[in-house]
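The following pair of complexes shares a single chain, chain A, combined with chain B in the former and chain C in the latter.
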Partner chain A sequence: MSAVLRRLVAVPPTLAVVVVATFALTHLLPGDPAAFFTSSPGADSSVVEATRRALGLDEPLWRQFAIYLGRLAQGDLGQSVVSGRPVLDDLARRLPASAELTLAAMAVALAVALPLGARAAARPGGWVARLGRLVAALGGATPTFVTGLCLILLFYYAAGLAPAPFGRLAPALAPPPHVTGFLLIDAVLALDGRACLDALAHLALPAATLALFAAAPLTRVAQAATAATLASDYVRAARANGLSRRRIALSYVLRNAAAPILTTAGLVFTALLGAGVLVERVFAWPGVGAYALDALIALDHSPVQGFILAMATISLLVNLAVDVTATLIDPRLRLVDHA
Partner chain B sequence: MRERGAKLAVGCLLVAALAGPLLAPYDPLASEAAARLAAPSLAHPFGTDQLGRDVLSRLLAAAPLDLGMALAAVGLSVVVGAPLGAAIGFVGGRLERYVARLVDALAAFPLFVLAMGIVAALGASVASVALATAAVNLPFYIRLARAEASVLRQAGFVEAARVGGSGEARILRRFILPALAPTLVAPAAVNCGWAMLNAAALSFLGLGVKPPTPEWGVMVAEGAQYVLSGRWWIALFPGLALTLATLAFGVAGEALGARLDPRIGARGAA
Partner chain C sequence: MRRRDVLGLGLGALAAAGAPMRRATAAPTSLTVVSEAGPNSFDPIGVGVNRNSIQITWNVYDRLLRFGTKQGLGGASTYDYFALEGEAAEAWEVSPDATRIVFHLRKGATFHDGAPVTARDVKWSLDRVVSLPIGKAQFATGSLTAPEQFVALDDTTFQVSLPRADRFALPNLALTFPIIVNSEEARRHAGADDPWATAWLKTNVAGGGPFRLESYAPGEGAVFARNEAWRNGAAPALSRVIWRVAPTAQLRRATLQRGDADLAQDVSPQDAADLAADPALKVVGAPMTGVFQFIAMNCATAPFDNVKVRRAIAAALPYDAMFQAALFGRGRPLFGPAAPDDPAFPQPLGTATDLAKARALLAEAGLPNGFDTTFTYELSLASIAEPVALLAQEALGKIGVRVTIDKTPAGQLGARLQKKEVPFYFEASAAFLADPDYFFRIFYTGPTRWNFGSYANAELAALVERTRFETDHAAYARDVRRMIELAKDELPIILLWQPALDVAMRRRVEGMKLQFHRQLDLRTLSG
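Entry: the complex of A and B
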């Protein structure tokens, strides 16, 4: 069985585990959804009882799970008590904000970490290598919520360069017409220069916060992977044969170092989904993380369930894509049995 | 050099964890209305918070809790995860392959999100923060112990023990598990820093430890809104404490690893 196929086969069982785990977890959450739906806690007990029956909460657990699965199959993630809307709609409306933040952070982190790590590996004693170690140590040891507050202090309070850390756009500006949900792209499409700059200014600090968090492991792995390839026999042979530095860097070092860096990037992306909740909290960013946190505090079960399921699914698919790409880049991975 | 730094780091952590509350100049819960939001000064080296409580005293009082939660969480996941992983790696075969794949799949699961759910399910308390952190940390140790036990399974001393008449359970308990310890110690020390940040993040979100209990994550959360108006000391001193403690755990873990693995030690000395 090819490595790619084996990887694909593992997805459905993992997803099944995720679905069962989310269901179990949300059923452990305290609070009574029926009492919630009847809005006033002091509602007549018969009303609460009727709601409970309507929600299917009087059924045995396995039947509730079957009902949940049936709804899930139809793309129904349930209803949010707090917003009064279907969870799927809420998540879809807020996902672009989180995606814009996460992808921007990932792009910045890769743009910083890869050259930094590669350069540090090429000159192990130089100042770039020292800078790389600093980024790796600080990014790994500073909680994202503290990084975010430091950046707010420096760039909003002290320097006055950044806008107030609330949301994605200044309240005075009208958001550009919704096309992709990514404000930067929508503003460009609408040829709205002011909105574009303002969205960029709002995005800068939270994205930088997440980027520092992501850059730490990426710098480390970029350095280690580049150092390993530079020390390899095939690079020495290529040098001895007089190949140009450019040729060696592009077709020998880059291609061999790409697979471990890609795999780490996939895991870093997963970690960003969690760290995003913290950063969305600090910058009042209207994303899915903030939504899930509000729901968790209000003991609103369906949004929590939907959020965990959505994050796990996104993460699984991204890591699947990453693994498959890594196998395509590096044929050696096809021979390795992961078990 | 590295060894000295590590000893210093561990020493600081120990002093903070054991004597932190005793060193606090003020009562960490006592509020002084006249000195609300006071900037760092001689009387209050780290300033005071929105209720006029001394930030330095709260910081020191929180040290045993933050470090204790980290150690408890890591201890719990080692105690559960290592024997579990070792047993699976020792038995081998199809079971090991399935578990290995499941644990690999869990690595692609946003663990912090899972921890949020677990804490909310268990209720906001110190114990549930430690439990949630330990739970999401479990795969890490299962994976480590499984991989190592899978190699040790074929070691000579295991064969010798079997010839000597030891049963499988006894071999696992008396020979495999102790042999795993060196592999686990260094990652566990580094992991303590991660666990501390995880616990503090849960409390920062308002899911874990509740105010007014002094805890670094809670303190950052309480001070966050005042950063906007330039009163940074309430949030950033506990934030700095988190960073320094995590760095200390990292340095300690690296030194332990170097000492236990002669190959790294030689490189470190050079």
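Entry: the complex of A and C
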């Protein structure tokens, strides 16, 4: 337990570093937001100055930072100029959309990658192993927006099977009451079958796109971890002692291969959450990635800072959860932690 | 951008391989439109308000005046800057010295909440424009600067007084800022530190325009519903408009071709050319009066301070090839010969490709071996700017000018233009007010970044000053002709063309009126 506590204690200082670094980075970006946001020929220098004051950019940098910290302490992430709304509202609205997409993609990716990797490790020359290599190569080599556009072309444009890829729900349907922000869960809670099916249909293509991307590293790790375990002395000993294949697979192989797979899954998850930008664009998915990118291009500091802070927090928490779980699965890691 | 081209080809190839089945279209009076981005404010005046916001404010609010309609290039209906019509005002009278304008409001007009539209609402709304810095800067171009100039004479009569006759006063009242706000309602949501309810109006509508905002999802879209009680014009044909954000060109194109969208905005020249060939679709497009694209040279620094160098560049550019490669010919050229004595501007500058002349001019300028320079353009304009830059680079190489191409994000380019440190670049800009003296005042004189060539010519500055309040038409036309001569002779910016504003739609959609602000006017659309 003390290991977990020590990890928890390390979270606040890491976040403090993130806060300072993001503030410094956004203000190091070349360009003048005040000039950018008053780009109309009618605007003279007095208007630009008025805008600078309105954005609080006329203050010295240390004061801007102090104001930023003060607001942050009250849970205020500032105002986005690009979206015209408070950053906290935007993130609260968009994070669940990204999380729903990412979790669905992770679930699909794990469901594909784990059996594929395990089977490929068991029969290295078989057709499953070849399929695994194909998935890994495709997922690794194809940019997500290409996969996404191909899926749109096939399933929407040509076959007409998928709904028009506008975001999360058909415009004719009223979204279910907001509870979790996850449309699938909210629709189930509201006992709204149509909304649930429609949300699922909208989720299918973008989730498949991201899943292919995520399945690549997961398949490789699953295969490598299983292969390493299968080649180990204790599995050979188990076999020699005549334990059943099922028993070996479940209690020896799975448990020992789980730790590296879990660690990779944690990394892939955090990468997906932020790196879904292109998929979000292609499918008009109202997530955080596209939001942050728009803000970055438009020199809109608050959303960029809020996004990085949110992502850093999520990464820290996911890593923490992964480490704790890994420690529970594999007692040897506890020894490493004490050293 | 190359990626986008490849993807565009992919879609095109599939479309050619087999025409996909089309879905049943929506109810006849409802329309689904797609655009690249959504609005970020319901108030036209504010820091960072994007152009998509105008699509909201234009349709949920009325103004006193609106621009009439004319046939633009290629038969499309466009706004007519020089023909004003009444919107909330059914009539207006201008005093003989043009310093007093009296507006008569339409009887029976109401806001969405049923309250009558009164002259007090108009006064509050115009007071609001001149009380907010961004609004004031715009209104000052029409000598409208102080609340005292606006007087509600009675419930339906409203007076504007001007310090002197100003040709820009009336057009300013038809632009995007002077929306007529339900002042009672807005005032209820104003605070001591925010007397003009800017915070509330940013996210709420208090208007009386032809459409109500039924719903809005940030970053995803909005739904408009017709205001059945609208009296300030012919009743709109559409009862409902669903606006969806489709960030990629491929998505806009695919949903339009499949029939899930009826109308697509933000169509690139290439997509416009392709979609026009689809038998189920049509493309309505025409250049907007004050919108133009150009190549600028910084006249304040060497070597572009030498007019012969500028003329040499202008003689070397391959205009026809650039027009086809960048715009697919969709627009009005501003190169080549101009109609003699035309007093309108922008107009073709008389430029033509002549490499021998370009070499001779460079030699005369003392640069027979050419020079090195950097050509900059903004990343978001890349689909048009990249072919321009590459063709210019190749052509200028032939006269010894060695060009390095530099792509810069919009935010950075703005700051660098402000500091006047970009020597040679492609840009696009627009003037909403179409009188030629305004164009020269903004784009050819002064210290702002809008003087793209950093041009300083005492004669032009004096002409611009003198024509500002000129009421004698002959004197005005004479001065404008001289300004046009200077622009053609001195070439601080090389005008390239006016790009068409292209909107793609299903064949049954009618009544598209292209507006100066490039957003949809739902008043006239039907489908």
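The definition used in the following text is that the second predicted complex is superposed on the first by the 290 of 339 C-alpha atoms of A that agree within 3 Å, B and C clash if a C-alpha of one lies under 4 Å from a C-alpha of the other, contacts with A are read in each partner's own complex, and residues count from 1 in each chain.
The rule is short, and it goes like this: a contact is a pair of C-beta atoms (placed from the backbone, for glycine too) under 8 Å apart; a residue touches a chain by one contact, two chains touch by 3 or more.
Because the structure is predicted, anything quoted here is derived from the model rather than measured.
Participant: Between chain B (first) and chain C (second), which does A:82 come into contact with in this model arrangement: first, second, both, or neither?
Facilitator: second
Participant: If you stack the two complexes on chain A, which partner ends up touching A:281: first (chain B), second (chain C), both, or neither?
Facilitator: both
Participant: Could you say whether A:179 touches chain B, chain C, both of them, or neither, answering first, second, both or neither?
Facilitator: It touches nothing on chain B or chain C.
Participant: Would you sort A:141 into first (chain B), second (chain C), both or neither based on which partner it touches?
Facilitator: The answer is first: A:141 touches chain B but not chain C.
Participant: First (chain B), second (chain C), both or neither: which does A:90 touch?
Facilitator: Touch status of A:90: second partner only.
Participant: Check the residue A:30 against both partner chains and state whether it touches chain B (first), chain C (second), both, or neither.
Facilitator: Both partners.
Participant: Which partner does A:312 reach: the first (chain B), the second (chain C), both, or neither?
Facilitator: A:312 contacts chain B only, not chain C.
Participant: Could you say whether A:46 touches chain B, chain C, both of them, or neither, answering first, second, both or neither?
Facilitator: Second partner only.
Participant: Touch test for A:266: chain B only (first), chain C only (second), both, or neither?
Facilitator: Once the two structures are laid over each other on A, A:266 reaches chain B alone.
Participant: Which chain A residues contact chain B in one complex and chain C in the other?
Facilitator: In the superposed arrangement, which is not itself an observed complex, chain A uses residues 29-30, 145-146, 149, 152-153, 156-158, 164-165, 281-282, 297, 299 for both chain B and chain C.
Participant: Which residues of chain B touch chain A once you look at their complex with the stated criterion?
Facilitator: Touch residues, chain B against chain A: 96-97, 100-102, 104-105, 107-114, 116-118, 120-123, 193, 197, 200-201, 204-207, 217, 220-221, 224, 227-230, 232, 235-236, 239-240, 242-243, 246-247, 250.
Participant: Inside the complex, what are the residues of chain C that reach chain A?
Facilitator: Per the touch definition, chain C meets chain A at residues 3, 7, 10-11, 14, 18, 20-21, 23, 32, 39-41, 46-50, 53, 133-134, 137-138, 141, 202-203, 217-221, 223, 242, 244-248, 250-251, 254-255, 257-258, 260-261, 380, 409-412, 414-415, 418, 429-431, 442-443, 447-450.
Participant: Going by the contact rule at the top, pick out the chain A residues touching chain C in the complex.
Facilitator: Residues of chain A touching chain C: 29-33, 35-48, 50-51, 54-55, 81-85, 90, 93-94, 145-146, 149, 152-153, 156-158, 160, 164-167, 171, 281-284, 286, 290-291, 297-300.
Participant: Name, in rising order, each residue of chain A that touches chain B in their complex.
Facilitator: Touching chain B from chain A are residues 10, 14, 17-18, 21-22, 25-26, 28-30, 137-138, 140-146, 149-150, 152-153, 156-158, 164-165, 266-267, 270-271, 273-275, 277-278, 281-282, 292-293, 296-297, 299, 304, 307-308, 311-312, 315-316, 318-319, 338-339.
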